[in-house]
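There are two complexes below, and they share subunit A, which is joined by subunit B in the first and by subunit C in the second.
And now, the complex of A and B:
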């Protein structure tokens, strides 16, 4: 078969891709809408650009009759900056349990009756109980656990001082227990004042952000990468095992016999695969554009873009599409099986997405992983797209993605050659 | 049983499935290894000016050995620390000011405005920065409260006319008498029985943000394996591979198909959880895994019966994957779209592993989903003949 035949095969594959598009597009549209709505909700209700978020902690028990506890909570809630990060809500244990299970609280603290008396007499038999849901571990739980740890340190150190003071004066003076208790109260007030004024111990300088991605901008880049990584699953049934009804490799051998060599088969099918990917991403991008324009995101990176920038950034995504489409095609080619292909693509999405910083910011990982991530497809694409969002062009990312695209296509061709026994 | 083994054989004959299975414990091992490395939510450059250097070193040591959320970079001087923040290599710089010890002692004396002890340089102020400052204050609090204790004691010793020489060593010895181990605050998990004697676990939850999603991610893979098996079954169904089978037998073929994919993943999940240090005990894990398997199979079948099309199921898969990741507590315990959370079996499993109440709710979920499954089958059989089984 001549060159025309090769092009005809590629065109056929592209037509085949377009033919299944209505079905895939419908779902892709829903997927794009869901991701956009989800992101919008998250931005609106959970995080601001600066990542401020209130940790809600329930308080169970009689705080009113426990003077210093009330004072401590009052200080924490109203007198200092922690009001931006912590909110204490008085409730019954049943309400707290319900709220905790409904994720309306990060944790709750149970104050037993007579807690202050127990602390005053240095007995550990009535501790505060900090109740969390370990199963629902996330940033919020770790955050509230860290706060609990800090609070515990404050309580323990204060107790050491008060106990030391009272023991010393009990042994060295004739002070009555009542007088010692009053001295203990005096010390508690000093410590409460110290805790309330803690921000004054720090001389805080804000130097402002340079040209870096905001946390929301980071997650938008991560979401786009995740979408591209998992989108391949939709196209799996189109390619995996589709030609195997006459036996593994039968159609490929027939095509080879008709003069379409493995290289043209793979390039033609990749073109078909890319057509579907391109149209799907375009659709999601249009949806995102519409959501951003209608909802009016208050996001620095998006605010910088005009309509032309949306188009430019879409075009800048082409190397990402090429890389992920070629990798997914390679997986399908290597597996040759629907189940294996789909699972491998999703496993890749989960593992590479996690290790490449698409679920957690990459700065949360050890330095070792931070150094490796830009050399993983997920990490490279996330960084590349992040730079695009800031209006910059990441040459290293571009070269890396094109290299992966070519390498993956080459391996696919070799696998196809092996399959047809060429 | 024959169907089950045939399905298992079908999957295992492809090397890619072996690779996928081996990647699961490998991922757990990698997570475990990484959790032992130095990392944190925030990177803080620590240094000191003059005698603040020694203090900075002490704090850096304390944070490096205990804090999970702050990663410390030691710097030679303030300029270097600030440069790291400017270059986005660190989130904050903590510069202990010259005369740190004197400043702490002075603060213990003052009830009015305090004297700064640490200069903090940040690019942006957010909740994580505030948390880091709370941790820093807690680390300084020992010295601050001790300095206040000494002042208070010297004041009172004079006021009450204590006889004899009062040395700092003696007052320090009294301060160390109680040496509270932090048992004023104990951690307990929701659903745990309270015995009133402070029998909860140690103060901090035994959680590591890197290890924490391991269970959720692996669980979502088990569910995805089941969903892909449903697609595989649907493909066979559409190709007419099971038309000769009686309807009742088909149910067993469907179950075999789901189980052949989910069971090997689940059997690998258990050792992976063990090596990933998110293990809660064999009996408990096995019971919860059984729950996940049953709930997962019912969920997968209901989804297949609703969609009933191989390609639509395939396109739906990424959405279900997103649902599994975001509506189940894998990374975050989301508040939004709460009713949607109840649709996914891992929601009950991931909560239920630490709280039996969720497992109880999960049993209700299984019952409801089973009824839905039967109803869908009846509806399909009565009104959808010719389109489905």
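And now, the complex of A and C:
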């Protein structure tokens, strides 16, 4: 019975997994949707709170002696369009670089000396220098949108101020309407010339780690990791309920009596669990492929991928599936109860998701948490998958995940042996 | 014939069995009685090779089978407490784990599987089966190779009268063919087919006189705790 029996048991567990897969996948997608909606609501409500989610921008340069620049920053700090999303902090360039690399700033702007004079002469221009890390490029595009909104408001308010100036002059001087109109036109033209004369309003300088994921790429990697972790919550009934039923232990006892020892039982059941996980992730990946190729979803990293790369990256996810499946299996084996297992996996998902940087980019966290993240299963998997998306192989992450898989499986086997009494 | 000699078992400091010994001849059914947690299931699981005894021997037709898995598996069938089935799969799939295709066809056309009426629900998922059907299927999974010795751990638990009768009829036929049954039970209907009785008292297995009085049995079981 032995050799063939082990394979038969593994195949039966895989068959069992395929049968229950649609139910588990449906539950996972519903759970994921609910958590996403909840998370989106929380983020939306937090973003409307003053000072909670403001993007910190460093300002380097002599602002105090440049009146209009000071006024411009004041407007940006206080306009409705920008006051809740941006915070400008004056600092030296050394301080700004250190803060940027330590993730205390999203970016900084360097204002060159003589910036106002250059604007006023509009024959010469000295561009602002906008400095960010490559990984914050996604934030930069969001930031640019915010600034564009604020500047367009600034422009329209500048126009209002020109008309306001005309009204003031009309009331307090003897200038004729014709002279006032000429004056108004001249002010508008000079204003437009100042803007048009500037060939480059700012140049972007990117420093720090090159070839990082874009923000969207980062969150795709994080979402895949969260999916694999949440999967366990819905896959629990496949195993935990069976252990809690009237047949609890009977199958394990009979298998042991017939020569399929605990090690082969656990490996066979893990094979079944992995089959379900593999097929479900494959389905999700195919949908993502369709969305990218058919709908033309724009993601910077995808520009590097051909169709074969999609397959390679999917296969590269196998170590992640092995690691999370073995950890979830261990929790179920240790708990032996349906609700206990589900709760433990759900709490683990939330905690590991947070510590591993799956809910917020890890660069937003303090340095010590950034150091912890790669040692969390979630952080290691996210980084590993992020490297895969960039076409690189993360050896450290791979070794980590395989080590966790083997350790978790070993502990499951020991627990099963203890339960059976073998 | 089977002989169990001096089986000892402890879980750490917790003693379970101390020097359990008994024997049975062909065609005999032996009942092992005792309260919950007395060690009945432990004794059967040791005989089945699921757990290891701290010391002792289990001899079948002159062959020591503890530690000799191959010999034990060909001669001993073990029906554990509960239903050792994979609920999401069909009866046929569950049987395929224990029987080869040829064995199954042979047994279905006149062998044990036919006697147990398994053919009626081969294609039905286990979760859709009644309690009686599940028990028959569990038994079918445990008796591959038609072993001479059956170890039954509360085989008829949670069955209705009809279900019990069907199983007991099979056990009677097994005895009639020269088979040996060792059953852990405190069900009076199961006890009706047994020839000799033993009770575990204070970790020791002792011969017991069963006078078919359930109230006396209940009192003795209470005292044995």
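Just so it is clear, the second predicted complex is superposed on the first by the 228 of 422 C-alpha atoms of A that agree within 3 Å, B and C clash if a C-alpha of one lies under 4 Å from a C-alpha of the other, contacts with A are read in each partner's own complex, and residues count from 1 in each chain.
Please note the rule applied: a residue touches a chain if its C-beta (ideal position, glycine included) is under 8 Å from a C-beta of that chain, and two chains touch if they have at least 3 such contacts.
These numbers were taken from a predicted model, which means no experiment stands behind them.
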Which of subunit B and subunit C A:19 touches, first, second, both or neither: second
Contacts of A:164 with subunit B and subunit C, given as first, second, both or neither: first
Partner chain in contact with A:256 - subunit B first, subunit C second, else both or neither: second
First (subunit B), second (subunit C), both or neither touched by A:334: first
Per-residue contact with subunit A, leading partner among subunit C and subunit B: B
First (subunit B), second (subunit C), both or neither touched by A:236: first
First, second, both or neither for A:97, with subunit B first and subunit C second: first
Set intersection of subunit A contacts, subunit C complex versus subunit B complex: 20
Residues of subunit A touching subunit C in the complex: 1, 5, 8-9, 12-13, 15-16, 19-20, 242, 245-251, 253-259, 420-422
Residue numbers on subunit C that touch subunit A, as the complex places them: 42, 45, 48-52, 69, 73, 78, 80-89, 93-94, 96-98, 138, 141-142, 144, 158
